[in-house]
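Two complexes come next, and they have one chain in common, subunit A, joined by subunit B in the first and subunit C in the second.
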Partner chain A sequence: MSSSPLRQRPALLRISMVALLMLWSLAPMLWQLYTSLRTPESLLAGLAGLGGGWTLANYSAVLQADPPFGVYLLNSTVVGALSTLLTLALAIPCAYALSRRSDLLKLVIGGGLLAAAVFPYVLLFLALLQVARQLGLANNLLALCLPYAGLSLPLAVLLLQAAFADLPVELEENALLEGFSLGQRLRWILLPLIGPAVVSTGLLVFLFSWNEFPIALTWLSRSELLTLAPAMARIAGSSVFTVPHGAFAAATVLGGVPLLALLLIFQRQIVAGLTQGAIKG
Partner chain B sequence: MSLLLMAPALLLLLAVFLWPMLDYAWLSLQAQTVFTGLKPVPVGLANWERLLGDGRFWQDAAQTLRFAVVSVGLELLLGLAIALLLHQSWRGRGLVRSLSLLPWALPTTVMALGWRWILNDPNGPINGVMQSLGLPSLPFLASTQLAWLAVVLADTWKTTPFVALLLLAGLQMIPTDLYEAFALEGGRPWQGLRRITLPLLRPYVLIALIFRLAQALGVFDLVAVLTGGGPASSTETLALYAYLNAMRFLDFGYSATVMLGMFVLLLASALLLVLAQQRWRGARP
Partner chain C sequence: MINTIASGAGPTGDLRLEALNRRIAGRQILAGIDLAVAPGECLALLGPSGCGKTTILRLIAGLERPDGGRILLAGRDITALSPGRRQVAMVFQSYALYPHLSVERNLLLGMELRGVPRQRRQQEADRVLSMLQLESFRSRRPSELSGGQRQRVALARALLRRPQVFLLDEPMSNLDAQLREELRPQLRAILCGGEAPVVYVTHDQKEAMGIADRIAVLQNGRLQQCGTPQELYASPANLVVASFIGRPQINLLDRGDGSLLGIRPEHLQAVEEGGVAVRVLSREWHGASQQLTVASPHGDLRWITSGAEPINDQLRLGWQLQHEHRFDLDTGLRC
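Now for the complex of A and B:
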C-alpha cells in the first residue's frame, strides 16, 4: 500500500523531466513553424491573435524572392557534397599512411591535428580571404571546397586513422602475399571494412560545410551564389518584407528542415562520428 | 611512399592553418588601411601598441570570456542532467534522444534568426506570455543587461545536445556492476553519482569542456546574426571585432593584430586549463 506511491514518484519525476526536455528542444522550432503559417496581422496581435489568420503567403514570398530561396539550398548542397568528396579523397590516404606509422612524425602530426581540430577557425578568415583575392577565387562557389576541406581535414584524418588502426594487420599482410597493390588493398579490403567510419566522417564534413558562415560570408558577394548561412544573415539584415516575421520564420523553416531530416535519417552514423571523434581524439 | 600519401592533405592543412598565422604575424607589423591606399606600409609595433591601449579590445575580451564561461558552464550542467535522464532505460527513450539532438543540427544563422523573433519585444512569444501575466515585456535584444544573456540562451539551446551526447557516451562506458557493488555495500544512489559517475566521467567532461570552450571563445555566427554585437557593443566578441576591423573599417593590419591578440588569449586560457586540470588531479587522493 505504501510502496506504490514511492514507486510512482521516480516515474512521475522522469515524465516531467522528459516533458521539460521536449518543450525546451522543440518549442522554439515549433514556434517558427507556427509563425511561418500566420498572417502579419495575427502576429502583431500577440496572444490575442491565436486562432484564425492562417496563410501560405510567407512561403510563396520567400520562395519567389530574388533570388528564390531554393538557390541557397542548392548552393549549400553542392558545396557540401563537393567538400565532403574532396575531404575524403585527401583524408583517406593520409589516415591510412598515418595509421601504419609509429614514429615521432606520427606523434607530431597527430598532435598538430588535435590542436587544429579544436582551433576556432574563424580566426583564419582574413588571411584566407586575401589568398582567395590573390588567386581570383572570390565569388567562386566551387572554390569554397578548398578551405572547407582544409578545415575538415583534422577531424576527418583523426577519425579515419582510428578506424584504420582498429583493423588487424594480418588482414593486409595476407593481401600483400596475394600480390594486391596498395590501391587494390585499399579499394577491396580496407575501405569496405572502415565503411561506417567513412560515412560518419563524410556526414560530419557535409554538416560543417553546409553550415559554414564566416568564410562564405567574406568570399561570396553575388546574391545568386550565396550558400544558406550568409543568405540567412543577409535576409536577417534586410527589410524587403514589410512585416518580416512571417517571412523570416518561413526562411528558418526552409533552411532548417533539410538538415533536421538528414539528422533523423542518419542519426546513428552522425552520433557515432561525434562520439568517436571525442573519444579517439 | 607513406609521405607521398600524406603530402596532399598535409599541404592543404599547412595552407589553411599555418599560412594565415604567418600572414597575420607579418600583417600586424603593417598599416594597411584606406589611408595607405589599402597597400601595406611597415609601421613596426604601432598596431600592437594600439591593441594594448584599445579599451574596445579589452572590453570585447572580457565579454567573450564571460559569454564562454557562463554558456559552457550551463551547457555542462544541463548536458549532464540530460545525459543522466537518457541513460536510464524507459519506453520512448530513442525517440526523445533523436528529437533532443535536433537543435544541434540547425545552422547557427538559421536558429539565430529564429531566436530574434522568439525574443522580440513586444510581439515574441516570451513577451506575449509576460504580458498576459500582467508583467512588463522585456527588451531582450535592446538592453545592454539582457542582450548577452539572450546570446547565452541561444547558444545553450543549440549546443547542449552535443555536450549531452558526449557525456551519454561516457556514461555508457561505466560498467553497471560498479553501481551494484556500491548498492550492496549500502551506498545510496545519489552518493553513487558523486563517488562513481562523476569521477569516471571526468575525461569526457574534460573533452567537452575543451572543445566547447574553444568554440565559445571564437563565437561569431550567433552574435553576428542575433545581435550584430549590439546594443552599444555590449555583445561584441573578439572574433566580431576582428571581422569589423577588416570588413567595415578596412583596417587590415589592425584586424590581423586583433586576431593574433585573440590567439594569444586563447593559448593563455588553454594553459590555465591545463594547470587547473593538473591541480584537480593532484587534489584527489
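Now for the complex of A and C:
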C-alpha cells in the first residue's frame, strides 16, 4: 500500500494542503468559539490582550436569558426528531415500492421527486404561511414537522430507493420462499441491510430541520416556542445600540454541539451510507 | 437421517408442469413446457443461457407467474399460490445468504418467523449443521466463508424449509472445477432419493449427467428432449440434443442427401481399410486419453481415443453402424 503511486506526494505539500483546507472550513467555527469566550472589551482590543479577558459570562447570559437557551435547544430537538421520524416512516415504504418497479411510472415518479428535491423551498414559505394560517397551525411547534417532513421527503425517497435497489433481489426472493410477510422481510432482511443509508438520510433530514430558518421564523412568534435559527436571529438583533457578539457566538456554539455529537455517534454509518453502492459485492 | 430431514411436513408427491407458457415484453421465453418429476427424483434442466431453464425454476417457485399452463404439486394446482405458501426451497446461484446474519441465524430466522418452537428449531439447525459439517462455522458471517461453505449453508437453509420441492439454480457455478467434482456426489446423497422432487438447473452437461436421474434439454424456450442421461446420449432426438450431450461434441457429416450423419468422437476408430482417409491436424494428450483433430474429405473431425495408442499422421478412420446417428438437415430431427 505504501508504495502505491497514489500516495507518493511530497509530505510537505500534502500537509500544507490539508492544513489549508482545515483552516478554510474550521476557521469560522474556531473564531466563533474564541469570540464566545471573550469579554466585549477584550474583543475590541484585538489579539493584543490575549493574556486576559477570558470569560464564561456569554454562556451564562444566554443560558439564563428569558426564555433560557435550553428551551430553544429542546424545541429544535423535538421538531428535528419528529420530522426525521415522520420522513423516514413515509419515505421507507415509498422507496421500497419505487425500487421494486421497473416501468414508465417509476421514471415519471423518480423525475418528479428529483424536481421536487432540487426546487428552492424558500420560494414556498409565503404560500406555506397562508396554509398554516388557514389550518390554524401557526405557533404550533409540532406542526412545523409537516412542512419539514414534506420538504425532506423527495430527497429521502430517492436516497432510500437507491439503497433498496442496490440490494440483490435474491435476498428478498429467498425470504419470500421462506414464507416471510412483507413486514417481516423489511424488518429482518431489508432494513438491517440498508441501515447505513437510513441513518445518513435521517441525519440529513434532522440537519435540515435544525438549520431551517424562513418557515420557523414565519410560523412561530411566541418566544418560548422558537427553534434555534429564529431564536439566534433574535439574540443578534436584541439590542438597538450594540451587536452582542459574545452572546451570539455562545448561542452558535451551543447550537452546534448536539449536531457534532450526533455526527460522532453515527460516524461509521454515515461513511458507510455515503459510499454504499460504490462497490458491489 | 437424510430422509427424515428431506421429507416434507405435509404429504409429498410428484411435480407436474403442464403446457407452461411465459412471455416477457412480447418475447416467448417458454413455449408449451410439459414435465413431470417424481418424488425423490432429480431432474436437470440443461441448456445454454437464455434458454428459459431458470424461468421454469422461478415459475415453480412462484417468483414469476406463467402466461399459460398449470403447475401441480402432489396433484394440487399451485399455479396461483403465493411463493411463501408453496413449501418450495430454492438454492440460488448467488446463494442469497442474509449477509448481516451469522450462519446459525441464517438457518434459524425462517423457522423463527414460521413459529417453530425454540427448542425444535435449535435441534433442527444443529442437525443440518452437523450433517453438512458446518458446526465450526455457525457464528461466522457469510462474507467470512469460502464459496463451498456458502453453498453448504444455502443447502442447509433449504433443507430446514422441509420443502415439497427442491429447486437449485446453478448451485455449482461459483465453485472451482475440483470442488464441483467433490461436491456432486455429496449433493446427490443429500437431496435425491428423499421424498421431494428435485429440479436442478445447469448449463454444464457433465454436471447434469453426474447428478440427475433425468435430463430435460431446453433451447429457445422449447423442450428438446427429456430422458435419462443414457437415453439422451444413445439416441438424441435432434441436433440440439446431440451437440449438447457428450464432450467433445459429436461430429456431423453432410451426406449430401438432405441428412446429416452424426458420429461421436469416442466412436471413431483407426481401421486398416475402408472408412475415410484422414490427416492429423492437432493432438492433445490427456494421459488416459488423447484428443485429435483430423482433416477428412467431409470436413474436420474430432476423435478421442486411448492415450496409449500410437497414431500416425496419415490413417483411415471407421466406425460401427450401431453408433451412427442420422438427422434431417432441415428439421434437425433424428431420422
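FYI, the second predicted complex is superposed on the first by the 251 of 281 C-alpha atoms of A that agree within 3 Å, B and C clash if a C-alpha of one lies under 4 Å from a C-alpha of the other, contacts with A are read in each partner's own complex, and residues count from 1 in each chain.
Criterion: a contact is a pair of C-beta atoms (placed from the backbone, for glycine too) under 8 Å apart; a residue touches a chain by one contact, two chains touch by 3 or more.
A quick note: this is a predicted structure, and the numbers were derived from the prediction, not measured.
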item	value
Fit-or-clash call for subunit B and subunit C when the two complexes are aligned on subunit A	fit
From subunit A, separation angle of subunit B and subunit C (C-alpha centres, steps of 10 degrees)	100
Which superposed partner A:168 touches (first subunit B, second subunit C, both, neither)	second
More subunit A residues in contact [subunit B versus subunit C]	B
Which of subunit B and subunit C A:179 touches, first, second, both or neither	second
Which of subunit B and subunit C A:160 touches, first, second, both or neither	neither
Which of subunit B and subunit C A:192 touches, first, second, both or neither	second
Shortest CA-CA distance in Å separating subunit B from subunit C in the superposed model	15
Residues on subunit A engaged by subunit B in the complex (per definition of touch)	14, 17-18, 21-22, 24-26, 28-29, 31-32, 35, 43-44, 46-47, 90-91, 93-94, 96-98, 100-101, 109, 112-113, 116, 118-131, 146-147, 149-151, 153-154, 157, 182, 207, 210-211, 213-214, 218, 228-230, 232-233, 235-237, 245, 248-249, 251-252, 255-256, 259-260, 262-264, 267, 271, 274-275, 278-279, 281
Contacting residues of subunit A [partner subunit C, same complex]	168, 170-171, 173-181, 184, 188-189, 192-193
Of all residues in subunit C, those that touch subunit A in their complex	61-63, 83-86, 88-90, 92-94, 96, 98-100, 109-110, 113-114, 157, 161
Residues of subunit B touching subunit A in the complex	1-3, 5-6, 8-10, 12-13, 15-17, 19-21, 23-24, 27, 81-82, 85, 88, 90, 92, 96, 98-118, 120, 122-123, 125, 128-129, 131-132, 157, 161-162, 165-166, 169, 204, 207-208, 210-211, 214-215, 217-218, 220-221, 224-225, 228, 239, 242-243, 246-247, 252, 255-256, 259, 262-263, 266
